[in-house]
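The structure appears below as structure tokens.
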Amino acid sequence: MNRSTSEPAGPVVIEAESIVKRFGGAVAVNDVSISVRAGEIYGLVGENGAGKSTLMRILAGILRPDEGEVRVEGKALHGGAKAALEAGIALVHQELSLVPEMTGAENIMLGSFPTTAGFIRSADMKKIAADAIEEIGVQIDLDEPIVRLSVALRQFVEIARAVARKPKVLILDEPTATLTPAETDHLLAMLQRLAAKGLSIVYISHRIPEIFSICDRVAVLRDGNLIEMMDIGETTPDDLVDKMVGRDLKLDLQIHRESNPGDVVFSARGIHAPGVDGIDLDVRAGEIVGLGGLVGAGRTEFVRAALGVDPKTAGTVTVTTDGRSTKIATYRAAVRNGVAYIPEERRTDGLALNMSVADNIALPNRARLSTGSVLKPKMIAEFATNLADSVGLRPPDIRRDAGEYSGGNQQKVVIAKWLGREPRVIVLDEPTRGVDVGAKTEIHRLIRDLADRGAAVLVVSSDLPELLDLSDVVHVIRDGRIAGTLSGAEADEKSVMTLAAGGRLVEAS
Amino acid sequence: SSSSGSEESSSDASGEYEVYALLPQGTDQPYGTTYLPAMEEEAAKNGINLTITNSQYDADRQASDCRVAVAARPDLIILWPAVGDTVRPCLAAAQAADIPVTVTNSDVNPGDKDLTAGYSGPDTYGQGAASAEIMCELAEGNPTNILMVNGLTGNSTAINRRDGFVETIEAECPNVEILAEQPGNWNKDDSQTVTSEMLTSVGAENVDGIFAADDTMVAGAIDALRAQGIDPQPLLITSIGNTELGNPLVKSGDLDGTIFQSSSWDGQNAVLVASQVLAGETVEEDLFMPSVKVTQENADDPEVAPEW
Amino acid sequence: MTTSQTMSLGEATTGFSARLRAALGRRTEWRAIILLVLVVVGALIFAPTVFTAYQVTLGFVALIGLIALGLTAVILMGELDLSVASTLAVSGVVMAMVPNIFLGVTLALLTGLVIGAVNAFFVVKVGINSFIATLGMLFALRGLAFVLSDAEPVPLTDIEAGISFGMPLIGPITPRIVLFVLVFIALHVFVTRVRAGREFYAVGGNRQAAYDAGIPVSRRLFTGFMISGFVAALAGVINTLELIAADPTAGSTALLASFAAAIIGGVALTGGRGSIVGTLLGALSLGILGVGLTLAGVQVDIQQIFIGSVLFIAVITDPASLRAAAGSVVTFLQSRKSQTAV
Amino acid sequence: MTETATPRETPTRQAPSETGPSQRRAALLQWIAERGIFVFTALLIVFAAIFVDGFASTVNITDVFHRAAPIGIVAVGMTFVVISGNYLDLSVVAQVATSAVIFIGVSNLYGIPLAVGLAVLVALLYGAVNGVAVGYFKANAVIVTLATTYVGLGLLRWLSGGSIFFGPPDGPIRAMGQIRIGPLPLSMIVLIVMALVLAFVLNRTTFGFMVRCVGSNKEATRLAGVSTPRVVLGAFVITALAAMIAGFVLAAFSNTAVSTMSSGFEFRALAAIIIGGTSVFGGRGSILRTLLGVVFVSVLTNILVLSNISFGWQQIAIGALIAAAVSVDALARRAAQ
């Protein structure tokens, strides 16, 4: 599907000029100008937090830039999301942006119900929605409420919504993050069809092969700055990654750790739960076990069921410390027996954002920070300061609210609060999602340190280099089962992806 | 037997009357607690089958109760208006359905009297007036400054008692001046607090008397005086009720006068008037509960023995 | 290249009965329907007069249901309006104070709209949680009703208009019932067929998504609070007309009863779920229960115990609640097992 | 009502906020929001002391205390429910009245110890029913406590027959109500002790800490190994015990008890908590602030009564105050972002 031949350049449809966007003190987008031509697919790449989504939200009128201007066909865009929609800009959000109780048809037509004198023409609505899903080539029961649809279908409903608007510019922010390879192929083919009809597409993805598969041009953002804009033919995947990262990152990451695993500490047998179909897995003291697989494979579900965070339908988990084995039936029992869990959703599940860092750190450690259930504030402050130091929190002010910290530092706080318990088993789900490179390196160091001190570490990560780099053993999960196990030496991106995708790979260039 | 011949009441034994009593309170208020047994006892004696509703002083709710009652086609409706100004539609509906209505406890507006078949009960306005008369007598024409503690804001008994008191004072002894008034919500503790505050606001030394709209509140007002180190004895204090809380205060002389209100009389006579109407007798006059003034002299009389 | 143009993701619902089951499964009104059936059966056994006196029952349903209908508009958007009872009182007083009845009605309804707009202003523009903003209004408006009326009932100038308003139009149908039905139909059509109303579900279900899709969220919230204010004012007008006087203490039982009707009807306080029909069913069951208990001669205290219990059972038998409780029980049992097992 | 482009001007829940206006205004609002209640209470008291005749007298201070004590005791207890993220406990109305009626009614028949014992049992029952339904069944607190209010008041009126109960004029309950230390009536001492104890519980014990954590982020707290339903249950039990004590205090003060004596307590206590600055979203708040909120409302009402302002205007003032207090808070929070 590689578009080797450059299409004749159409007129510029949308352009953003000198866009600046700040959040508080931080600059998310710094003086970025881009322009997209009719009929082209414009790739946008960059690390987590580079400012891609922010820039796109500005294009779609959802955020107002602090400086600069967006123009559609030469006309400056004012008046928010609605005006942008009317001007022909449709955005498919990175996070699903659907109303759970409304039907597929209604979600597709959200904000643009066809009306006569205010009344919805439901036949027309269904017709337009049906046309849109036909256009993107999927089958969806449009009368079902969204809550009853699978994640992939929801993603296509989002896309159908954008398409139904008959936009001039279609922006997709990581649309394939939740799709299987087959679904991804389908989507990419569809986008190429749309572009061929003259639609301009802005396409964001972390999956480099996809970029090379469909994009005509690609722009690289780093730390809010536009680093480079190239025709796809002018670059290579390696080059692109270098530009995204800005330095030779591999050197930082490839720290090989001497591991000599001890006895099995964490042992899961026959775990069944919604989305998990019988997983057995052991983690030894001092060992880092990685869980790979595609998004939606059931890794999070497995981890949560095994630890008792969510109910499981069958299976047992045993934690062995100091020669004593304990069956773990509930999450609280797991915590009591030295398990630490760092959840995927940091902001909603990991931290009390409007409480101080000290309070967040104190929460799982409250027993040791109190006598007879009376807290000891001095001890808490000391304890929290030490832990904040040890994870390299910046700024190291434990009295600040956790919510005031950047994503990476928040993740450090989540890790710090568990470090205090000196966990024997630590489970981390996507430990560096949304974390910048510097913090990522430090978090990796912390994870290795834990293992070196004898903890059994289980890491779930969709970030392949991270997974390969950290893990002594990688289990690849597919459809709620272990599809294969690779030792640290034999695991590489290709082998993991092969297992994850059930033998089918996204076509790479 | 049943004059309106409803299907429901036809199953009852002969000689029984179906009567709805639409009340705004029941056993949720102290007054109703003694009113109801007397009413029920009298009804049993007269072969009356009572259905009692309680609208909790919500006029809408009572209007709805009234519609229920009219629809049930009883032989008679006894009405205790929740809000006097709002009962005309209920009366009209009953008349349209040929159901006589007698009124108890607080009367309907004069303009609505033609729609009712009789009234028995205290004269709430008259009680306020009677309490004012005691106050006037005690003041003996001297300039007298008093505080007033009202009932629950917006409540019709509270309004009538206040109007009766204020208008009588204005007419008969303008030498009595009301320095301040606040609601005591029929509660002893609320009354005690607002009385104490009013004493502060107008200056305790300027206060010569207190009127409170019921005995519970006057007990709070007297406590407020005591708490400020003021002897209630020389002050002119009147209220309404002669309840078990108020009567000892009258005897001790702290409370100079109150107006006896017999809740059992009220409940009993509500049924008596109703049965007269049912028997075809016309009730000419309103049957007022005697607004007996209770002072230290007659506080022990059995006919004013406190009931609640 | 992709070979097929269309791909199937997960099985689509096929077959009539499967579709019907799916359609029924997503209704939110089941709790109200079950309760209604129980109440109707109970009433048939213990107080059959409820049905012979159906105009009364209807009237009572209209009494507690009207405000609930307006409230539903706000709750669907995930907000609350605690000020409805006070709004009812203020608008009634405003109406009775104006000698001309048409002017009075107009002013009263306008008052409701203004109150709704003020509530919305606090919620939308100032950014206060609606629970608190309308709590402030609950106090302030009640105070205003007392101040305007001098804390006494205000008799209507045109008493005859009021009396005739209370009379049935055709058969047992009084204007109150007609207005209630009209409001029901209007709101039902509004939230199911009219774009702005349908978008209430989006505002309550996923506000960010609603905003991103270009739905004017602020305007929808203003509309919702103004509907609630307007309907409460309408209830005030109806009460004032029927009672020929405005009572500044009015509505004391209305707030909690109307909340109960909406909740029993399956309207979720978190927004986005529920229907006007559900509220109607909730009001019907509570109304029949209330009238039935009254006709059966049950005193008010016991009625309250009944209604409170029904509400309590309704709220803890929500499927999510049962799941949560079952989860706790399982956890408890498992924790006992794990203590004994090792 | 113009459509606005920025989420700042829309009530979106998760919408990212724009940068605030001038830093100085933001800082001022922030300062007011954080310390406003202290400043406003102080200003109000100074104002009243200077301009309102009789305000500063010992007798009047005692009256302010009488206004503050019962509501305050309920409010400091209910602060736990609010901080735990469950809005309020409507059923305090029923709880206070039930406790008062039991305290006097049962004392008259069987003596004080039995009355207190029964009241404690009833309070625990209220706390358990509300707490289990809200904590373990995850039912909405507003609806649950509305239901228990209905049932509770219904039962109280049915069982007590709605009578007014009063203790013997020279009985021990009356004597209790008369105790005072300097200008401080016993009720105020109870309030102060309760506030100190509960402030300690909230700020310095692991339970209080968990209440704050649950209110701030329930799921994160659960994932830290805390049984969150148990914490919610504890918050409701504390509220119920506080309401029980408020019932005792109310009954002792007037030596009477009746089922209607606590009407309006639920919203008045909530108003005090909110005016104090405790967030209705949970997580943020303090007992001291609630105490100040109660003092503020009591002083304000006292001033209005001293000035012979009618009841209607008193209500308007309190409503306006709630609006003002939360508006400042909301504006400050937004400016801070």
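Structural remarks
Residue numbering begins at 1 within each chain, and the chains themselves are lettered A, B, C and D in the order written.
Here is the rule we use: a residue touches a chain if its C-beta (ideal position, glycine included) is under 8 Å from a C-beta of that chain, and two chains touch if they have at least 3 such contacts.
As the structure is a prediction and not an experimental result, all values here were calculated from the model.
If you average the CA atoms of subunit B and of subunit C, the two centres end up 36 Å from each other. For the pair subunit A and subunit C, the distance between C-alpha centroids works out to 40 Å.
Averaging Cα coordinates per chain places subunit C and subunit D 28 Å apart.
Residues of subunit B in contact with two or more other chains: 26-28, 153. Counting partner chains per residue, subunit D has residues 3-4, 7, 157-158, 311-312 touching two or more of them. Across the assembly, subunit C contributes residues 146, 151, 208, 211, 216, 299-301 that each touch 2 or more other chains. Taken pairwise by the contact criterion, the protein chains fit none of the simple patterns, being neither a path, a ring, a star nor fully connected. Interfaces, counted as pairs of touching chains, are A-C, A-D, B-C, B-D, C-D. Remark: subunit D residues 3-7, 16, 18-19, 203-207, 209-210, 212-213, 216-217, 219-227, 283-284, 337 touch subunit A in the complex. Those residues of subunit B that touch subunit D in the shared complex are 25-30, 32-33, 153, 180-183, 186-189, 192-194, 196-201, 203, 216, 219-220, 223, 227-228, 244-245, 248, 308.
Of all the residues in subunit D, the ones that touch subunit C in their complex are 1, 3-4, 7, 9-15, 87, 133, 136-140, 142-144, 146-155, 157-158, 229, 267, 270-271, 274, 280-281, 310-323, 326-327, 330-331, 333-334. Per the touch definition, subunit C reaches subunit D in the complex via residues 122-129, 131-133, 135-147, 151, 207-208, 211, 216-219, 221-222, 256, 259-260, 263, 269, 299-305, 307-309, 311-312, 315-316, 318, 320-322, 324-325, 328. Across the interface of their complex, subunit A is touched by residues 1-2, 4-10, 12-13, 19, 22-23, 26, 193-196, 198-199, 201-202, 205-206, 208-216, 272-273, 327, 330-331, 334-335, 337-338, 341-342 of subunit C.
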